[in-house]
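In what comes next, chain A is part of two complexes: it sits with chain B in the first one and with chain C in the second one.
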Partner chain A sequence: MVRVKQRYILFSILYPVPPNGSVSSPIPQSMAFHQPSPTALTRTSLATIIRHSIAHNFGDLGMGQAGGFAVKYFSQATSTGILRITRENFRILWAALTFVRELYGQPAVIKVVRVSGTIRKAEKEALKLAEDTIRRVKNEHKAMGGSKSGRGIAAIFAAGKSGGKVPQKATVEDEDEDEEMIVDIVDSENDDDDDD
Partner chain B sequence: MFYDLNVPWTSKDDPELAGTIAFLAELGYNAIALNQTITGKIPAKIANIANLIPETPFPEQSSIRFLRRVTIVLDDPSQNYGLASLSNNFDIVAVRPTDEKLLLQACTSLECDLISLDLSIRHPFHFKYKVLGQAISRGIRFEITYGASINDSTSRRNLLQNAAALIRATKGKGIVISSEARKATLCRAPFDVINLATLWGLNQENGKDAIAKGPRAVMLQAKMKRQSFRGVIDIVEGGGVPKPVSKEVAKATISQKASVKRKAENEESVAPLEPPKELTPQIDEAKAAEEGSAENRPTKKQRKKEWQAAKAAKKAGGQG
Partner chain C sequence: MDVDVPSKEKVRLKPRSPGEQRFTVRKPEWQHLHLRMTFDPPYPADHSSPSYPPDLLTWKTHLSEALNQFLGVSGMAIPVDFLHSADGAEVYIRIPREDSPRFMAGITGWGKEVEGRTVGFRVLGSTEFSMGLVGGDGTDLFR
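Let's look at the complex of A and B:
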């Protein structure tokens, strides 16, 4: 029996419009489009939104082909997630992600970071992505040397944590990854405080 | 390198435009063309159309290369568009034909770099390879803009239909995909765009070319048209610092040799027995130069000797 070939799609959600009101101090440029997702956005609600996009753009045929995806992982704090879909139909799912315009009234762009054949590689890439983002913010903070942006960063992370709640538990691996990310975030926040 | 050849220019102080540029940079684009669209009647002197876009519009975006583009909406077939003079002011000159006649004119005769059809509306004519192929053979590319299709369902349908037709008619060659995004929300990451292109009928490879190599070719070709000799030869700064003296000498010897050889041949054919006196010193010089160079070049044996000597010296040094 031949194994069913899958594709794992690692995506990250970018918010092109900065939130109004929640963060008063100027946001560093590297973090301007990375925000924690709204609290209402969970794995199940995300799946509903994507299914809706598939149904809208590809109709019943598309639903039949690509409706059978699974959200393997989603983190509100980092706005990244992993989807699983059969190999033949991943382009339909990808296009449906591309056509998503907003999430809960907030303009959003879903960017596919990596398409991989194994979930391991997708996870590794997710970790790398989070680390890169944090490194970028740190570097920019250092370059600017100001405390203003540092507060902005802290505020963003705080919002992410309060909104993040407890990440869903799907597999052991998924949970590990999420915790590691949160640890990273806390580290960076401490660093900022030290700098001040 | 990923290119977005169509971001509508509004004004320098527009926060929407600045946001769009920043977002495109975040998504991974390296070059952005700011587009100024001109509609209606073209003034008699087309070169008078001012370029409203400054040279470096957003200095804070250091990673992005900015190009300045103009799009002329063609709607009058009788008007004579002297587009060649426009390329002095702009980096890229594009046209947007509105009917079949103008499309034919744009493909066959107009001096433009890019043909940007409005694909979000239904066209009452088919795209034919016979027409589009002429443009492709002239090096003009066709633009597909996806921005409108993300916002609106009707234009998405039309775009799917038109893009598929355009890709079929051009056989997947000479396509450039750009955003034409007035808002940051309408921009998509390069690889997402490539995936969309696969839905339209391009394969992955051609899709990548349409957003990386194709726009680059458009940019370079426009540049060549503007500043090079007949669009073919351009002077490029070579890498490194050349040695001016030795270069001149080398050039002189080559040219001398060539001229001497040619002259000698001619003379031989006429009077092979008596070489004219004026030429002899030149020949001698050239010969001397040749011999000198031959002498200066170390033989294999010499090189081996030198190498051995160096090795011995090294050994001695190490021992000492």
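Let's look at the complex of A and C:
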């Protein structure tokens, strides 16, 4: 019996155009493209959008090859997520992601950050990504001579305040020194049935 | 393009004329197909109307539709060169060789109802060189 090999695709959604009529405080430059996702964008609706993209670009054959992917994780706050797909077909899914041009009428680019053989590695990369982002924002804030540290980050996550449950929280404790990340990525090897 | 350099023994056994070179075309750029558009129920042999025999635009429309269904936009992006149309119902086309398996799978698995007849495609011939479709061994080229 041969095990079915999988690939886990870690992606992040970039929004080149800021959402209109929002965000009172200016967004740090390094976060300009990293907006929170619309509240309507959930794991299931994202799967539908990606499936449409596959069907449009690769037809029935593509749907047969890559239609069986699963959205293992998606965070609206950080606009990152993890997809699972069989190893032979991950390039089709990748291409379909690249061809997505807008989400809910908002111009968007889905960037594949990492392709990994285990979900653990993908999670690690997601954590690193979030940590890097926070570090970058802090540095930028410091460089601009801001005394109210943590304000910029608060603004970013305030902009993403959404009604829905946000599975990934990045909380920054106090000042620069002791920052702590609470990220609960659901490693759901057993909940395959909830996606399709 | 690989140049087939003759081994030393061969040269000794059968000397080549000076300047003679041999090469094998291993991966040709094109695949040539001979297609027929099928109608069910079929048109009478001498039937002639605006919808039969189909013109090249009809061919292009139907091929695109078949490819769009099976392969999506990436299938419609396969460039099709119409080389010759025998009598409308049959054409000779040329497509990139790498696309030919997908192309053939896409068009042969397609069918559509047009004016009460099911339209489909049949691949009558597929070869990397157009001579394979036209017939003949091509020796007359070298005479």
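FYI, the second predicted complex is superposed on the first by the 151 of 196 C-alpha atoms of A that agree within 3 Å, B and C clash if a C-alpha of one lies under 4 Å from a C-alpha of the other, contacts with A are read in each partner's own complex, and residues count from 1 in each chain.
Rule of thumb we're sticking to: a contact is a pair of C-beta atoms (placed from the backbone, for glycine too) under 8 Å apart; a residue touches a chain by one contact, two chains touch by 3 or more.
Here the structure is a predicted model, which is why all the values come from computation and not from measurement.
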{"item": "Chain B versus chain C as contact partner of A:Pro16, first or second or both or neither", "value": "first"}
{"item": "First, second, both or neither for A:Arg135, with chain B first and chain C second", "value": "neither"}
{"item": "Touched partner set for A:Arg87, first chain B, second chain C, both or neither", "value": "neither"}
{"item": "Which superposed partner A:Arg120 touches (first chain B, second chain C, both, neither)", "value": "neither"}
{"item": "Touching partner for A:His52 - first (chain B), second (chain C), both, neither", "value": "neither"}
{"item": "Which superposed partner A:Leu61 touches (first chain B, second chain C, both, neither)", "value": "second"}
{"item": "Overlap of the chain B and chain C footprints on chain A, listed as residue numbers", "value": "56-57"}
{"item": "Touch list for chain C against partner chain A, complex", "value": "67-75, 102, 105-106"}
{"item": "Chain A to chain B touching residues, read off their complex", "value": "14, 16-17, 29, 32-33, 56-57, 91, 94-95, 97-99, 101-102, 107-109, 111-112"}
{"item": "Chain C-touching residues of chain A, taken from the complex the two chains share", "value": "54-62"}
{"item": "Touching residues (chain side chain B, partner chain A) in the complex", "value": "19, 22-23, 26-27, 150-151, 153, 156, 183-185, 187-189, 191-192, 195-196, 198-199"}
